[in-house]
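Chain nomenclature is as follows: A, B, C, D and E, assigned in order of appearance, with residue numbering initiated at 1 for each chain independently.
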Amino acid sequence: MMNAPIPQTVISARGIDLTFETADGPVHALKGVDLDIAKGEFVSFIGPSGCGKTTFLRVVAALERPTAGEVSVNGLSPDEARRARAYGYVFQAAGLYPWRTIGGNIALPLEIMGFAKAERARRVREVLELVELGGFEKKYPWQLSGGMQQRASIARALAFDADILLMDEPFGALDEIVRDRLNEELLKLWARTGKTTLFVTHSIPEAVYLSTKIVVMSPRPGRITDVIDSPLPRERPLDIRDSREFIEIAHRVREGLRAGHED
Amino acid sequence: MIRAGPILAMLLAVFALWYAAAVPMNIREVLTEAERAGAAVTPATAVERRDANALGLVLANPGQISGTWAQDRPRLPAPHQVAGELWQSTVMEEIEGRRGLLNSGSLSNRGLLLHAWITLSATALGFLIGAGAGILLAIGIVHSKTMEKSVMPWAIVSQTVPIVALAPMIVVVLYSVGLQGLLPKAVISAYLSFFPVVVGMVKGLRAPDAMQTDLMRTWDASGWQVLTRLRLPASMPYLFASLKIAVAAALVGAIVGELPVQGGGLGARMLAGSYYGQTAQIWAALFLAAALAAVLVAAIGGAQRLALRRMGGAA
Amino acid sequence: QDLDEVRLQLQWVTQAQFAGYYVALDQGFYEEEGLDVEILPGGPDIAPPQVLAGGGADVMLNWMPSALAAREKGLPVVNIAQPFASSGLMLTCWKDTGITGPQDFRGKTIGVWFFGNEYPFLSWMSQEGIPTEGGDDGVTVLKQGFNVDPLIQRQADCISTMTYNEYGQVLDAGITEDELVTFKYEEEGVATLEDGMWVLEENLEDPDFVDKMVRFVRASMQGWKWAGENPEEAAQIVLDYDETGAQTEAHQVRMMGEIAKLTEGSDGSLDEAAYRRTVDTLLAGGSDPVISQEPEGAFTHEITEQALQ
Amino acid sequence: MSAAILALALWLGLWALNVWLATGPLANRIWARMAVPLLFGLTILVLWEIAVRALQVPLVILPPPSQIGARFGASLPVLWADFVQTIGRGALSGYLIGCGAAFLTAIAVDRFVFLKRGLLPLASFMAALPIVGTAPILVMWFGFDWQSKAAVVVVMVFFPMLVNTVAGLSETTAMQRDLMKSWGAGYWQGLLKLRLPAAMPFVFNGLKICTTLALIGAIVAEFFGSPTLGLGFRITTSVGQLALDMVWAAILVAALAGTGFYGLVALIERGVTFWHPSQRG
Amino acid sequence: MMNAPIPQTVISARGIDLTFETADGPVHALKGVDLDIAKGEFVSFIGPSGCGKTTFLRVVAALERPTAGEVSVNGLSPDEARRARAYGYVFQAAGLYPWRTIGGNIALPLEIMGFAKAERARRVREVLELVELGGFEKKYPWQLSGGMQQRASIARALAFDADILLMDEPFGALDEIVRDRLNEELLKLWARTGKTTLFVTHSIPEAVYLSTKIVVMSPRPGRITDVIDSPLPRERPLDIRDSREFIEIAHRVREGLRAGHED
C-alpha cells in the first residue's frame, strides 16, 4: 500500500510498528505503517475509533517512540524536529491552560520559543482575528464556549508559524454550521500558507473536503488500508460537496472504512 | 527489586548521615567523659570547650570519634544503639525479662510490645469513633445547608485549638467524671481523626457529577437511595484517602493522650524515658510508633484495595 | 467484707518518692484497715488539685505552695498529714560557672519547674532582691523540662533538682560531685513543705470520710515505716507497680535511700513550725506573691491524732 | 431542670433562626453568610455558660465563657507577648522554613524518579514520628527558645507539604505536558509555565493544613522547655496554678491566631488559584 | 411557528422561558418555546451549541424549572410525571456508575423503583439482548468500549419501560460506522415499542434519518425557528439517505440552522 515517492518529502514513515505494553498484555496500535507526505500536502487520517490515528500523529511529533521502523521529518528524527520547533499540534480537546487568559495561552509557546514581547502581542492579535476571537484576548478559557476554546487552541498552534500542523479531531465538539465555517477557513489558511498538515477526523465529508490525500486506517493492529490522492481542485467552495467527484471519493472512503470494520 | 533499590540507597545515605551527625552532636560529652577518665583532650577543660565549635572539637580530638557512637546517654544515639535498644526491649525483654512473656506468661511492662499494644487499642477505638463521627457529620453537611454553613467553619476552628496541648487536661477531666481506661485517650484520638474524614467525605459525597445525580432524579430516587446507591459508593476513594490520614492522626492522638503516664503506652514510655534521660528508650519508642503508623496505613491501603476490587477495581 | 474505696492522686510518675503508699498497698496494710486503695500516678501535666476538684480522687499528694495557692484560688483543700518532714528541693549548678552563692546568680540562666512549683524559687529570689526578668543584673529563668539535659548540655547554668531524683541523674550522667555546686532550699532558709496529703475541706464534714482517712493515713505511715526499714524491697515494689517500665533498679534503690532522709522523724503529723516557715516564705514573695493572705484552716491535726492513737 | 429546658429552648430557637438564615430568602447576603457560623458559635457559648452555671461545675474544671472573656480582656499584654513568642517567632519561622524546604524538596523529588522512590517512603516514616517523642529531642538539640519550636514545626509541616506539592506537580494532564513537548520546551520552562501553576491548588491545600499543624507544634514543643513566656508555657503553668480561665484565654488566642492564619492563606489561595473549579464556585 | 394540534398529545409546552441567573448576569436559555408532541413520535432537536436543546429536555424531565410558561406531560406537571417515573433519560456521556457491573447499572433504576429481584434479572437480560450486549452483564463499564457503554446506558433507560425516552446526543462520541449501526437499531427499537422519543443531535443526517419531526433551534435566547414534519416512511433502510426527500429535508434543516447562525 505504498504510494510512489514524491519529490520534497517532508515526512517519511517506513515500517512503523508500535506496541503498548499494558497490564492486560500488549496492544498493537500500529503495524507496518509506510507513508510519505510531501511538502504542502493536507493529509487526513480516518478510521474507526482505536485504530491508531492519534498514535501515528504522536509518533510523528516525537511524543511516542515506535517499537520498530523509522520516521524522518525533513531529514531529521522526529525528536530533533520537535526540538527545532517544527510542529504546531492541536489536540482533540482544547487543552488550554486555565490559569492563563486566551491571549496568554496563545502567547505561551511564543514565550517558550523566545519571541520578543512586541512580536508576541502582534502575533496573538493576528491569530485571534484569524479564528474570529478578536476581543476575547483577556477572557479566561472557562468563560468561553467549547467551540471558542477549540478555536483558541487552533490559534495557539498557528501563532508560532511551525512548518508542520498536526490536528487531532480539532472540530469534534462543534456543530455542523460552525464546523463548515471553520473548515472553509482552515482550507483558506492552508492555501495561503502552504503548511504541511496532518489532520485526524471521524467525518468522511470533512476528510474529503479538506484533503489532498486521505489515509484510511483499520484497527487492531492499526494498518493503512487505503491512501487516496484527491483529484479535487485546490479551490473548494462548500458546495463542491455535492459534486460527483466528491461523492465518489466519499464512497471510496466509506467502503474502506466498512472493510476495516468487517475484519 | 527495581523498587527496593532507591529505598535502600536512601536508607544507606540516611544511616551514613546519621552516624556522621552523631559525631559532632555527641563530641562534647564524650570529651568530658574522656577528661574525667584522665585522657588528654584539647581544649583541656569543659569551660573552654563550652563555646567551641563542635566540628572544631572533632578535628582536634579525632581519637574520640568512636566514643560518640557508644555513649550511655547520647544526645543523638547511633542507629545501632537504637536498633539494639529496640531488640532489647522487645524480643530480649520478653524472653529473658523477669516480667517477660516466657517468665510471667504475659507481655512485660518493661518491654515495648505491651505499650505498643496499649497504644494500638486506644488508637483503634479512637479511630472508629472519629471516623464514624466524621462520616455522619459529612452526611449531615452534604444534606443540610444549615449544617454546612454553621458547622464547617467551626470544624476548621476546632482544628486550630491546640488539642494536643489540652489533651492531658482533658484526660484528667474525663477521668474525674468517671471515664477511665481507653476511652479518654480514644476521645483525643477521635478529635484528631474526625476532621480529615469530614473534609474528605464532604468532597467524596459531592463527587458524583451533575449527570449522575440527575439520573437519580429522573428515576425519582429517595434521599436515602441516592446516599446508599450513589454518594457512598462514589466517595470510596476519598474515604480511604482520608482514612489513611485519620489513622495516623488517631495514633498521634492516642500517644498524646498518654502524656499523663497512667496506664502506660508508647506515649507514656517516651515521656518517662525523657524524665529519666533514657535517650535510647525514647528513640526506640519513637521508631516503634512510626512503624505502627506505617502498619496501620498499610492496613487501610489493604482494605482499600479489597473494597475497590469488589467495586470493580475501576479507580 | 466490703472494703472502702480510696483513690490517691500522686503528683509524679511512679517512683520511690511514693514508696510508702505502694508498700502499704503491696503489703496489704490498706486491706488490713478495710481499704481498697487505688493509686493514680501523676506527671508533669496533671494538676492533682484539679483531679481532686473533679472528684477523680479522694486524697492528693501535693507540695504545700501549690496546694495553698489552689486554696486561695477557691479550691479549699486541707492538709491532713505531712509524711515529708523536710524539703528535697535544690538548685544544682556547674562549679566552673563561678557560682558560689545566690548573689552570683545574677546574669546566669536557671532552669525552674513551673506548674505551681516555681513559687519557692520566686520567693527566694525576691528575698535575695534578684530580679527574674533576665539581663545582666537578674537571672534568666527557663521553664525546665523534666530531665537534667539542660544542665548536661549546658543550656542552663543551674537547674532545679530533687535530692532523691534529678541530682542522682546528674551523677549518673558521669558528672562528679566536685564539678557541681548545690543549694538546698532547706539550707537557704526558703524551704517549703513538700509531699503532703490533702483532701477537700467539705469532705471532712463527713465522719465516714474522716474515719476512712484516719485508716488511710495510719496504713500509709505504716508503709513508710516499712519502706524505710527495707529500702531494697521497697524499691523493688515500686518498680513492680511502674506501668511504663521506664526506671532502673539502681536509680530507685538510691532514690529510696534519699527519700528515707526526708521522711525521717515524721510520724505523719504536720509540724506547725515548718508550716509557719512555709507560709512566711510564700507571703514574702515580693511583687507577685504566691499567696496574698494568711491561709486559714489549711491543715488539720484531727486525722493524724486519731491515726496515731 | 429549668436550666435544661432553657438551654433546649435556646438551642431550638437559635437553630431555627440559623436554618432560616442559611436557606431563607436572605441566604445569599454576605452578612447572612457570616452570621450563620457566628450564631452557631454563639449558641454553643451560651449553652456552655448555662451548663457550667446550672451544674455548678468547679471553676478549676471548666470556667464559663464569660469569665474566659474577662480574663482575656484583662490579660491582653501578657497574651500578646505569648502570641509573639509562640506564633510570631516559633510557628511562623518554622512554617516558612518547613514549607519552603518541602517545596524545594518536592521539586527535586518530582525531577528525579530515584528520589521519589527513595525519599518519599522515608519522609512518610518521618511524618509518623509523633510530636511527643520528637519535641523533647529537638528541645534538647536546639535549646529553650523559639528555635527549637521552629524545628518542631519544620518536622511537623514538612511531610504534608511535600506530599501535596509532589501530588500537585504531577497534576498536569498528559495533553498539557505533550503540548509543552511539542513546543520544544525545556525542563525549567515546563516547570515554571506548566507544572508550578497547575500545582498551586495542591500547594495551597498543603499550606492550609500546615497552618494548624504549625500552631500545634509550636505550642506543644513549649511543654518540653521554654522561656517564661509563650502560649504553651502559659497553658501548662496556668493549669498548674489552676487558673483555668487563663488556660482558656490562651487557647482562645491560639484559635483566633489559627483561624486568622488559615483565613489569610485561604485568601491568598483565592487570588492565586482563581482559575480552579473549586474557587469558581 | 406552531404546528396544528395533534390528537393524543403527550407533551405540550406553552411559552416556555428559562433564564439562568449567573454571576455575569442572566443567560436566556429558552424564550417563548411552544411545542406539542404526540404519542409515539420521534422528535429530534437540532441547533447550534448552547441554543438550549439540553435545557429543553431538562425542563421536560423536571430537572429544570422554567422561569415562565407551562409544560404538561400526559396532563401532569413534569415533576408529577417524574415521580410517576415516566422518563427514561440518556445523557450525552454514558454516565454508567463505575462501581457497578453493566447488569448492576441496568438494575439500579429497577431497584430504586422497587421491582422484585426475579423481575429485575429478567428485564436486565431482556434489554441487554435488545442492545446486543448479551454476555457482558458481569463486566464493568471500563471494560467496554465507548460505543458499548453508550448502548448499555440506553439499555438502562429502556429497562423500566418509561413512556417517554429522552436522549441527549447519545451518539456524539462514536465514529460514523458505529453510529450508523446504532441509528438503525434505535429506529427498529422505536418502531417496535412505539415510545415517544425526544432526541438531541448535532448531525443533520442523523436527525433526518431518525425523526418523524425535526425541531430546529436558534441560540441566545433559545427559540424554535422551524418544525419539520418528516414525510419519510416509518420503514427506513440506511440508503434512504440518498433519496430526494431525504436530501430536501436535510437542506431545509441546514438552511434553518444557517439562519439561526446569522442573527
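Assume a residue touches a chain if its C-beta (ideal position, glycine included) is under 8 Å from a C-beta of that chain, and two chains touch if they have at least 3 such contacts.
Because the structure is predicted, anything quoted here is derived from the model rather than measured.
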item	value
Middle chain, criterion being Cα centroid separation	D
Among all chain pairs, the one with the most C-beta contacts	B-D
Rotation angle superposing subunit A onto its copy subunit E by C-alpha atoms, nearest 5 degrees	175
Inter-chain centre distance, subunit A versus subunit D - centres from mean C-alpha coordinates, in Å	50
Between subunit C and subunit D, centroid-to-centroid distance (C-alpha), Å	38
Cα-centroid distance, subunit A relative to subunit B, in whole angstrom	54
Intercentroid distance (Cα basis), subunit E paired with subunit C, Å	84
Numbers and ranges of subunit E residues touching at least 2 other chains	none
Where subunit C touches two or more other chains at once, by residue number	44-45, 47, 50, 53-54, 145, 147, 149, 153
Subunit B residues counted as touching two or more neighbouring chains	75, 168-169, 173, 176, 259, 271, 274
Chains touching one another, given as label pairs in label order	A-D, A-E, B-C, B-D, B-E, C-D
Complex interface listing, subunit A residues touching subunit E	47-50, 143, 145-147, 173-178, 202-204, 254, 257-258, 261
Residue numbers on subunit D that touch subunit B, as the complex places them	15, 18-19, 22-23, 27, 33, 36-37, 39-41, 44, 61-62, 113-119, 121-122, 124-134, 136-137, 140-141, 211-212, 215-216, 219-220, 223-224, 231-232, 235, 239, 247, 251, 254-255, 257-259, 261-262
Complex contact set, residues of subunit C against subunit B	13, 40-47, 50-51, 53-57, 94, 96, 145-149, 152-154, 169, 172-174, 176, 179, 242-248, 251
Subunit C-facing residues of subunit B, complex	29, 32-33, 36, 45-47, 50, 72-73, 75, 99, 108-111, 114-115, 168-169, 172-173, 175-177, 259-264, 268-269, 271-278, 281
Complex interface listing, subunit E residues touching subunit B	58, 61-63, 82-83, 85, 87-89, 91, 93, 95, 97-101, 108-109, 111-113, 140-142, 160, 166
